[in-house]
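Common to both upcoming complexes is chain A, partnered first by chain B, then by chain C.
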Partner chain A sequence: MNASSYRIWLLASSVFTLGIAFAGGWLAIATLNGAHLSLNVNWLLPLAGLHLRIDPLSALFDLLTATIAVAAAIYMIAYFGRHVTTRFTLALMPVFVAAMLLVPMAATYYDFWFFWEIMAVTSAALVLTNYRDSATRNAGLYYIAYTQVGFALILASTAYLNAHSTTGFLDGSGSHLAVLSNTVFVLSLLGFTSKAGLLPLSSWLQLAHPEAPTPVSALMSAAMVNIGIYGALRIDLAGPQQSWWGVLMIAIGLASALYGALHALISSDIKRLLAFSTSENLGIIITALGAYELLRTTHFVIVAEIALAGAILHLIGHALFKSLAFISAGQLIDQSSTRDLNRMGNMIRRARLASTGYGVASLGATGLPLGAGFIGEWLLLQALIHTSTSAPILLRIVMPIAVALLALTVGLKVAAMTKAFGIGVLSRQRVPGSSETVRPTLARVAGATAISLLVLANLVFATVPSIVAPLYQRVADYLVPRGRPIDIGFSIMFMPLKGAISPLAIFIEVVGSAIVVGLLVERHIRLQGRIPSADLWNCGGGAPRIRMQYNSASFAQPLETIFGNALRVQEHTDVDHADPSGLIVTTMVYRRSRADIIATTLHRLVGAIIGQGSSLVRRAHPGNIRLYILYGAIGLLIIFMVTR
Partner chain B sequence: MTILLQLLVLLFIGPIAIGLIRTIGARLQGRRGASLLQPYRHFRQLWQKETIEPTGASVIFRFAPYVLLGTSLTIGAAGPFLATSDGLSSSSDLFVVVGLLFVGNIAMALAGLDLGTSFGGMGASRELTVSSLVEPTLLVSIFALSIPARSSSLDIICRTSLLNPQRLLTPADLLALGAFLVVVIAETKRLPVDNPSTHLELTMIHEAMLLEYSGPRLAIVEWASDLRLALLLGLIANLFFPLGIINHGVTAGHLAIAILALTAKVLLLAALIALAETALIKIRLLRVPELLSGSFILAFLSIMISFFVAGH
Partner chain C sequence: MSILIQLCPALLLLTGILIAVFRDLRSQTSLLRIQGIGLGLLPLLLAIEQHSVALAIAGIIELSIRGILLPGLLMRTIKRLPQEQDPATTRNTASSFLLSGAVSVAAYLAFLPLTRVTHTQLAQSSFIGLALVFLGIQVLLVRRQAVGQIIGFLMIDNGIDTFGFLATLGVPFVLELGVSLDLVFVILILAALTNRMVRKFEGTDVDELSELGDR
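Entry: the complex of A and B
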């Protein structure tokens, strides 16, 4: 394929993806404005036909997907312009986006499974874009295995629901729930949380996201994981059921959040770090949804709605800052030609806009004030601390533990994000050379546009969250059709309970005072005369060498040692001696390994079960033809009994 | 008006508190020590010195001191130090306060990493190690405080304890106070977590990040750190002993009483820190988590008492 035809394919794919995203976004906005949109084509799909409908809950997820898809579609011109790929990959991009938009619109279980599987298959094919690389093949294999196990769980549980439901899937919320049993809940929750990248079925996430092309990682990590949350909200949380379901969700969420934050802290691959951060933030969202379920079932309806607001606002915030993080990380990776934080450095001068974007996204990912992740986490914390002293004992035990673990997560993720920005973007340039290659103008403009749009969206959401208030209000009215205790305006407050913050006021106070003081002091410094420049201080030992600076591993070392048990850190020092008495050391090799406990345990367990099972099967195959005929007879008997 | 006064008072108490800690420390060691006003003289001296810009400094290095000061000023303006409810109540939420303290820490840690020196990186790494472990304790002790008030707003917590003084000095409150004290010591980087009076690479946390700062920018960083000490001591003072704080109706007389009360309480706490620092030695960095998890358990116990013991 020659260059000009490739460019036409690339542009066509981008424009097509943009068109699909705009169409999806427009449908979502129309629904939020009160339109009732549905589509029924009986002959189009096998078994059940094509039935689509959008309600406010679908609209929320479609709008998020559409927003991320717009940015990703613009960015893909920059990315695939540089990393030439196949037509097949380019053609898959719009299909992937369309599938993600159609899953929340599916009105029957059949359509839901169909689009879910299209989403899974296209994303798997996109992860495998660079299939010639063995790491990518490995990641793709894991992803396919996990996503299909997840789908099998969802299929098994929802097929049961489908068989027992008289009405369709989207026809009236909660109509399918009379039969939602414990088994169905646990299985479907496992399936959905696996798509959302939560424990225990999350090992695909940290493998697949780094290996996928960056526009795909951005879509997967900011939009596709949300679809897992959509499934949980639509099917598992349609009505208040049992308190222990909420506790289970909180447990899964907090475990994933802590696990993600801890592993993000020790990752030195910038995309892997962001993938772990996705796991952690989705953990916080499912914790909020668990709190919502737990509080609803114990009849603390007002606090439950605060938890729901926390989940929805964190969902929006996460989608915004994570897409920005992946896209600007993609630019940083292209600029430095490495994904390793330890080989970057001084990106703030080499790629100014991407560094700014990455900084804004990191601040959002820390969940601190001024960032896009703060409002959702604040609401969740408010829901957790507003447990009254007369609440059931379950709440009084679960809530303090949740606050404590959430706080630990926040501490760890702040360290992780500071590390990523400080080591990768700031610092001195570690690997010399890797200079800017000349890129076509269109690609540069596309990259800059995508980042600028998302930076703007992040800043607006972080300071004036009231712009999503109508969206939240529609979704909340749909899910909990009673009072509305939360008022999201310039300040966020809830009425019967006490509590309020104003992100805009905080932003103005902090930024305003910093700028005023900064201007005064810098003016004073300028008035004193020329600012002399001096070498860095190095205890009088000459100019500090590049390798002396802290890197990703040394930065995280104290926390890694402190959490050594959880990370299974193992250290080995091999020493070779030149003389038999062992006094003169020739070489010394220090090795440190860390195990991913969840993945290794899970894989070992599954491996053992499969091994046991297959040895049983092998024993039943002695090569005796009469035995095989007997098997056939028994099988036939069973069929007759079942179909009788 | 009250906000500005409150900010000014805190800005002036901070350096005096540091001066007092140093003076008392010196006396206890048998030295005479500098005067209480030495920190101010130090600021004046730094303010007049020229600024030297290290090679390779980026925007982050230049502006981190102002972010540190900006976050501290916001907390100082919003919190209930002289009066409740008159502050910028929409940002006096305790989670916001903790978050802003953390933002200041991040700004300084990034400035430490910016130049790529080993000292800066070491300081930044240690600073974040300590503060990411401080955060859980701080949030859990806040939770403990917010249970009786049913809110995480500083103003409401203060007002609740003003209205029910018998709530103070209950076991739950005392445990939360203990946890809070440890947290404040770790957050302000005092002994036994950090030794602020040395420049020895083995022990440094906070100072290691500031090595490349000079002149007025260094003055800003140091003043902001002093302000943070005053803020945290002021929070202890007003959340656990809210006497003297103006609840409603601001008059000149009330203001004078409130200013005196705040100053007295903060300086008393500073004196206690000085006494404790004389008796304590610095512990290894990797032992700090033990101290912090101890205080974390105190805070957790405090919540459990509030939730499970009758009479609350």
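Entry: the complex of A and C
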């Protein structure tokens, strides 16, 4: 394929993706404005026909997907302009986006399964874009295996619901809700949380996201994982529930959040770090949903709505900052030609806009004020600490534990994000700078546009979350019809309880005080003169050398020691000697690897079960022909007994 | 005439039980021949009663293949076998009798719902087909020699045929021909395999085959 034809393909794919994203976003906004949109074509899909319908819940997820897809579609011009790929990959991008938009629109179980599987298959093919690389093949294999196991769980549970539904429609005016049994709940929750990248079926995430092309990682990590949350909301949280379901969701969520934050802390691969951060943030979202479920079943409706608001706002915040993080990380990787944080450095000078974007995204990921991730986590925390003293014993046990674990998670992720930004972007340059390759203008403009749009969206959402208030109101009204959704204005407050916050006020205070402090320092310096810097007693050394500065391993080392048991970091030092006696060392290579203990345990368990099962089957096949005939006879008898 | 027709299924069941009980291969083959003749007589007698040419042709085919050809082929194979030392079955006569009785009763019980809805007396005796199938399986299970198992296999097929005929009173002629020809080929192949087993292992005890299984 020659260059000009490739460029046409790339532009066409990008424009097409943009078009699909705009169409999806427009449909979502129309729905939020009160339109009732549905489409029924009976002949288009086999078995059940095509039935699409958007309600406020679908609209929320479609709007998020559409927003991310707009940024990703613009960014793909920059990315695929540099990393030339096949027409097949380019053609898959719009299909993937369309599938992600259609899953929440699916009105029947059949359509849901169909679009879910299209989404899974296209994303698997996109992960395998660089299939010549063995790491990519490995990641793709993991992804396909996990996604199919997840789909099998969802299929099994929702097929049961479908069999008991009179209409086959997903909400079907409550027809499926009565039969949502414990088994169905646990199976579908496992399937949906697997897609959302939560424990225990999460090992694909940290493998697949780094290996996929960056626009695909951004779409997967900011939009596709949300679809898992959509499934949990649509299927698992729709009907009457039991309180232990909420406890299970909180347990899964907090375990994933803590696990993700810990692993993000010790990852030095920038994309893997972001993937773990996805796992962690989605863990927080499912924790909030679990708290909502638990509080609702115990009739603390007002606090439950705060938890729900936390979940929805964190969902929006996460989608915004994670897409920005992946796209700006993609620019940083292109600029420094490495994914290793330890080999980046001084990116703030080499790629200003991408560094700024990455900084804004990191601030969002820390969950601190001024970041897009703050408001959702704050609301969740409010919901957790507002447990009344008259609450059942279960709540009084679960909630304080959840608060403690959430606080630990936030601490760990602040450390992880500080490391990612400090070591990767702000530190001094370690590796001699790669020559800046001249890129086509269009690519540069596209990359800058995508990042600027997302930075703007992040900052606006972080300071004035009330712009999503109509969206939140519609979704909350839909989920809790008789409830009284909390009021999100310029300051968020919940009247019957104590607690209010105004992110805009915090923003003004922080920025204002920063300006005042800056001015005072400047004035002080002007009056006193700058303090001359001089070499202290330095043992004859000069200025600190580049290798003396902190790297990502040394940054995380203290925490790594504390959590050594959970992380299982393995260190190897390979030493080559020049002489047989081993006195002269030629090379010394230090390697660090960490075992994913959840995946290892899970795989070992599954392997053991399969081994046991097959040995049982083997024992039933001793090679005696008369025994086989006996099996046949018993089978025949059973058939006769069953059919009589 | 109708009494003769009623007697045929009884003859089939009797021969089936006796085949399952007898230990000697030659007498089993003779019983199988009687059974085949009985199976052929059934459509022939019906044909005389109903003046149907198609039934008569089917009966002649049944008689010649199941009554004469197959037992003849089997007898030829048996005559070539060496005199074997070990007992030919794993069960003694008394327990075989008990087992056969139990199998017949089980077949009858399994068919109770079906026999209730049928109206003709002949169709009500169609459980005998199933009994023959189970007796055939019993022969397959207790015989240690390959030829004995061929007898069991033939009896299963006779049972299926009996059931088909009694339940519907007349299987389409072409189907009958096809099935019977298939059966002839199967028996030819099995006889050839038995001969090879005799040459290779000096016996046809299938228990020895388990040594070939990959453990």
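Convention: the second predicted complex is superposed on the first by the 560 of 644 C-alpha atoms of A that agree within 3 Å, B and C clash if a C-alpha of one lies under 4 Å from a C-alpha of the other, contacts with A are read in each partner's own complex, and residues count from 1 in each chain.
As a convention for this text, contacts are C-beta pairs under 8 Å (C-beta built on N, C-alpha and C of every residue); 3 or more make two chains touch, one makes a residue touch a chain.
Model, not experiment: these values are computed from the prediction.
By the touch criterion defined above, A:His386 lies against chain B but remains apart from chain C after alignment on the C-alpha atoms of chain A. In the superposition on chain A, A:Gln473 makes contact with neither chain B nor chain C. Contacts of A:Gln242 after superposition: neither chain B nor chain C is touched. By the touch criterion stated above, A:Arg626 is placed in contact with chain C alone, chain B being left untouched.
Of the two partner chains, chain B is the only one touched by A:Arg428; chain C is not. By the touch criterion stated above, A:Phe555 is placed in contact with chain B alone, chain C being left untouched. By the touch criterion stated above, A:Asn130 is placed in contact with neither chain B nor chain C.
Set against each other, chain B and chain C differ in how many residues of chain A they touch, and the higher count belongs to B. On chain A, the surface touched by chain B in one complex and the surface touched by chain C in the other have no residue in common. If you check the complex, the residues on chain C that touch chain A are 106, 110, 112-113, 130, 133-134, 137, 140-141, 149, 206-207, 209-215.
Residues of chain B that touch chain A in their complex: 47, 50-56, 58-60, 62-63, 65-67, 69-71, 73-74, 77-78, 88-91, 93, 95-96, 99-100, 102-103, 106, 109-110, 112-122, 124-126, 128-129, 131-136, 138-140, 143, 146-147, 149-153, 156, 201, 211-212, 215-217, 220, 285-286, 289, 296, 300, 303-304, 306-308, 312.
Across the interface of their complex, chain C is touched by residues 621-626, 629-630, 632-633, 636-637, 640-641, 644 of chain A.
Of all residues in chain A, those touching chain B in their complex are 345-346, 348-349, 366, 368-370, 374, 378, 381-382, 385-389, 396, 400, 403-404, 406-408, 410-412, 414-415, 418-419, 421-423, 426-428, 491, 497-502, 505-506, 509-515, 517-518, 521-522, 524-525, 528-529, 531-539, 544, 546, 548-550, 554-559, 561-562.
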